[in-house]
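Each in structure tokens, the structures are laid out below.
Both complexes below contain subunit A, partnered by subunit B and then by subunit C.
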Partner chain A sequence: MPELIVYGIVLGSIIALGAIGLTLVYGILRFANFAHGDLMTAGAYIALFLVTVLFPWLDIPDTTFGSLSFGWRMVLAFPIVMACVAIAAILFDRILYRPLRMKRSGPVILAMSALGASFIIRMIVLILWGADSLFYRPGVLRPAIELPHEIKIRPDQILILVTVLFLVALLYLFLKRTKMGKAMRATADNMELARVSGIDTEKVIIWTWGIGGALAAAGGVLYGIDVQLHPGMGWHFLLPLFAATILGGIGNMYGALIGALVMGVAQQVSTAYLLPTYKPAVAFMVMIIILLVRPQGIFGGGRA
Partner chain B sequence: MEIGGYIAYFVSWAIWAGIFAVFALGLNIQWGYTGLFNIGIAGFFCIGAYTSALITTPKPTGIYAQYVQQIFGLNLPFILGILGAALVCGFIAYLIGYPTLRLREDYLAIATIGIAETVRLVFNNYHKLANGPRGLMGLPQPLQGLVDPRHYDYIYLVIVLAIMVVIYLSIERAIRSPWGRVLRAIREDEIASAMSGKDIFRFKMQSLIFGSMIMGVGGALYAHYTKAISPDVFTPLYGTFIIWIMLMAGGSGNNKGAILGAFVIWFIWTIGAKVLTDLLPYTLKARAPYIRYLIIGILLEIILIYRPQGLMGEEKRISKMID
Partner chain C sequence: MRVLEVRNLTSGYGETDILQEVSIQLHEKEIISIIGPNGAGKSTLLKTIFGILKPRQGFVRLQDEEITGLSPDRIVRKGMSYVPQVDNVFPSLTIQENLEMGAFVRTDDYRYRLREVYELFPILKERSTQKVGSLSGGQRQMVAMGRALMLDPKVLLLDEPSASLAPLLVEMIFEKIVDINKTGVAIVVVEQNARETLKISDRGYVLAMGQKVFEDTGKAILENEEVGKLYLGG
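So, the complex of A and B:
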């Protein structure tokens, strides 16, 4: 059981990267971005392209760091992937969502557009890579570190936790200390009021998509390192992402972080009693319970 | 292919389009008239198909029981299978609607995704329910002994089209009643309808249940046409997305549009696929289905931005008495 909780925290930290982006987009643009899981998929597969196709072609060495399962290629790929997906998310907004926003379409129409976008991303991944599960590094033995209470953890997983912690801290500083961060928080609070106070809300929206996309990409790559890559991975992440977002209260970044950890632990601990394939169903059940008991989320005081 | 082959192909094509039209009509009640965002059609599709299969097949006995597990098998006629499918889907819709219909409109969408995934996982993994991933086979077909099995499709086409017309007429009737006017009032302005003393939650729930029951009928029609079902069919791609495109393309809020959209998109889907597969180089042929979905996805985005009312748009006339 302690081992499952630790694995749950690792999974939860990956979910958190998606959920924080989702809750920012949800809070500022006020629609359910059903393509958020597939932004994670896009990140994971762009990294696969860099690590297995582009970097070998550029003769970047393939050595790994100590007992980690990856090396310079992945370290180099990581920021590039985050930038690529951030740009992709912004482009999706410009091409698909902005015209709808300009026409004052309702949030449901925007959510439908996002659903279409999620299918487009997944189909591109399927066309380019096929439907099989893939790995960044197939067949590598990854030794585990033994901790007390019979907890076995892989060095990769420790590094995943560190990376997530670093990215969340970076985002915290950005939102608290920079002018754009403050503008984002103001827009999330009240877009009309932010606009009349002279905040360029379109610019805020671009930053929101950029940050949301970059974090989702990071989450996708880390999941690829931890488990595997699959075209449906983003779709399977969608339920835990939304469950975490709702649990934490929509628009609340810290709530999403806590919600994600809860969802990660709930999903991993459930494997002690249920088949692991039921994980999305577990996320769904937790979400239904939240909706029945406290639909505004743990930290959300506002309307649901 | 001789002329008979073309006709047989067309009949089979029309059966599929008719089944999808039933789903599009069900979605039209929920989305077109009430504004409920159900993106878990695949779940109702799946439940409808399996319920009817379990009701109409006998429980396997003897050596056969070692290979096929099913929780029950009632061996009842087709019509009871369809009714059962509708009832079970209506009940599941109630269970989803209860926690979500009082909340923000997008919560229903998330919950319907959840139920669709959960249903598929349960049918896939709980083998005692309906034979797990191998699914059920040998489903009976109504009026089977009447004609040569080679010509059976004609009979099934008549059945599908008859059910489609009955559903069409009943929705047309319902939507022009005071009940239907409340639904559209809720879609347009929830607060104003609540202030007129309408119980929003109850009307939304009725609409969700009504639409889902029709989807259950669609699932049953599908199951008895293919005669074999397995959980891998009811994916969000095939079970949900294509039906949404059909309704959006035809015109949400218009029952004729829903039917037209189903036939038009099914035409693009099937004929387009043939042309596309022929055009693709050999190495890409295996990926042709994904390219099809990609094109359909892009089509949805184009419709949303440039022609949100679809081909037909909503019919504005409410009563024949008013011009």
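So, the complex of A and C:
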């Protein structure tokens, strides 16, 4: 059981990267981005392309770090992938969602367009890489470190936790300390007032998509390192992402972080009693219970 | 000297004109008030001046520069600030952050201005790190005005600053408006609370059914029995 909780925290930290982006976008645009999980997929596969195709061609060495399952190739790929998906998320907004917003389309139209975007991403991945599960580095089983209470944890997983902590801390500092970060929080509070204060809200929206996309990409790559890559991976993340976001109070970044950890632990611990295939059902159950009992989320909503 | 001139302004929502050919003027260092019954078009007038609504006809000039139809974020850079009637603060941000957002378009060192705004509202300085959502109505109104003042505006537009405040606070807010005015800011106040507003106003305009029906000095309007009966509720 303690081991499952640790694995749950690892999974939860990956969910958090997606959920934070989802909640930021919702906070500013009141828009539920159903394509957010597939941005994670896109990130994972762009990293696969860099690590297994482009970097070998560029003669970047394939050595790994100590007992980790990856090396310089992945370290180099990580920021590039984050930037690529950030740009992709911004383009989706400019090409698809923004024109709909300008036309004052209803939430259903926007949700459907996001659903469409998610299909587009997934199908592109399917066309390019096929439907099989893939690995960044196939065939090698990594040794695990033994901790007390019979907890076995792989060095990869420790690094995943460290990376997520680092990214969340970075985002926290950005939102608290920088002018654009404060403007993002202000815009989430009250877009109309942000505009009459002279804040360029379009620029804020672009930043929000960029950050959301970059974090989702990071989450996708980390999941790929921890488990495997699959064209449907992000789509399957969508349910826990939304559950985590709602649990934490939609629009609330810190809530999304806590909600994600709760979802990760709940899903992993459930495997002690249920088949792992029921993990999405567990996420769905938690979401339904929250919606029934406390729809505003544990920490209340709307505040980044 | 004229700092704001509005001539023959017509605007509204959708197909209907709410405001019909309204003209007002604001001179340097003046406080003017726009009063009138509910639905007279007072707030619509402010929103149109500030570019939130696009006028169908007429023009707005700020310090002899035509600003008709410009977007609010452009107008704010030209030296005019606006405080909406409701939702006029960022509740999850601290007082200090609210004021910083007011200075968003400034690229210079605005710390001196922050000091001046805090001098105007000392209570805000004491609580500068507190979230605005936790403040009382009167303090929120001060944050809202402080935010608008961060740009050193020449003209300040206030939409019903005393709405939903307790009577004691109403008096305090009007005193603050006079204080702000003394620092050299010309002010347009839209108010339901007509008598209190007229007392601090140099001049006033009475709006009814989207049209300007009367204008005079604040004192004269207060003494005019007919206007009082018709538009100021007896």
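Definition applied: the second predicted complex is superposed on the first by the 300 of 304 C-alpha atoms of A that agree within 3 Å, B and C clash if a C-alpha of one lies under 4 Å from a C-alpha of the other, contacts with A are read in each partner's own complex, and residues count from 1 in each chain.
The rule we apply is simple: a contact is a pair of C-beta atoms (placed from the backbone, for glycine too) under 8 Å apart; a residue touches a chain by one contact, two chains touch by 3 or more.
Quick caveat: nothing in here was measured; it's all calculated off a predicted structure.
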For this session: Please indicate which partner A:199 is in contact with in the superposed arrangement: first for subunit B, second for subunit C, both, or neither.
Result: second
For this session: Using the superposition on chain A described above, determine whether A:4 touches subunit B (first), subunit C (second), both, or neither.
Result: neither
For this session: Please indicate which partner A:269 is in contact with in the superposed arrangement: first for subunit B, second for subunit C, both, or neither.
Result: neither
For this session: Identify the partner contact of A:96: answer first if only subunit B is touched, second if only subunit C is, both if each is, neither if none is.
Result: first
For this session: Go through the superposed model and pick first if A:54 touches only subunit B, second if only subunit C, both, or neither.
Result: neither
For this session: Classify the contacts of A:31 with the two partner chains as first (subunit B alone), second (subunit C alone), both, or neither.
Result: first
For this session: Determine, under the contact definition given at the top, whether A:130 touches first (subunit B), second (subunit C), both, or neither.
Result: first
For this session: Scan A:190 for contacts with subunit B and subunit C and give back first, second, both or neither.
Result: second
Exercise. Which one hits more subunit A residues, subunit B or subunit C?
Worked result: B
Exercise. With the two structures laid over each other on chain A, which partner does A:291 touch: subunit B (first), subunit C (second), both, or neither?
Worked result: first
Seminar exercise, completed: subunit A contact set shared between subunit B and subunit C covers 303-304
For this session: Enumerate the contact residues on subunit A facing subunit C in the complex.
Result: 179, 182-183, 185-186, 188-190, 192-200, 302-304
For this session: Can you check the complex and tell me which residues of subunit B touch subunit A?
Result: 35, 37, 39, 99-100, 103-107, 109-111, 113-115, 117-118, 121-122, 124-125, 236-237, 241, 244, 248, 286-287, 290-291, 293-294, 296-298, 300-301, 304-305, 308
Problem set entry | Residue ranges of subunit A touching subunit B (in the complex, touch as defined) | 31-32, 34, 96, 99-100, 105, 107-109, 111-113, 115-117, 119-120, 123-124, 126-127, 130, 235, 238-239, 242, 246, 275, 277-278, 280-281, 283-285, 287-288, 291-292, 295, 303-304
For this session: Would you pull the subunit C residues touching subunit A in the complex into a rising list?
Result: 50, 52, 71-73, 76-77, 82, 84, 87-93, 97-98, 100-102, 104-105, 147, 151
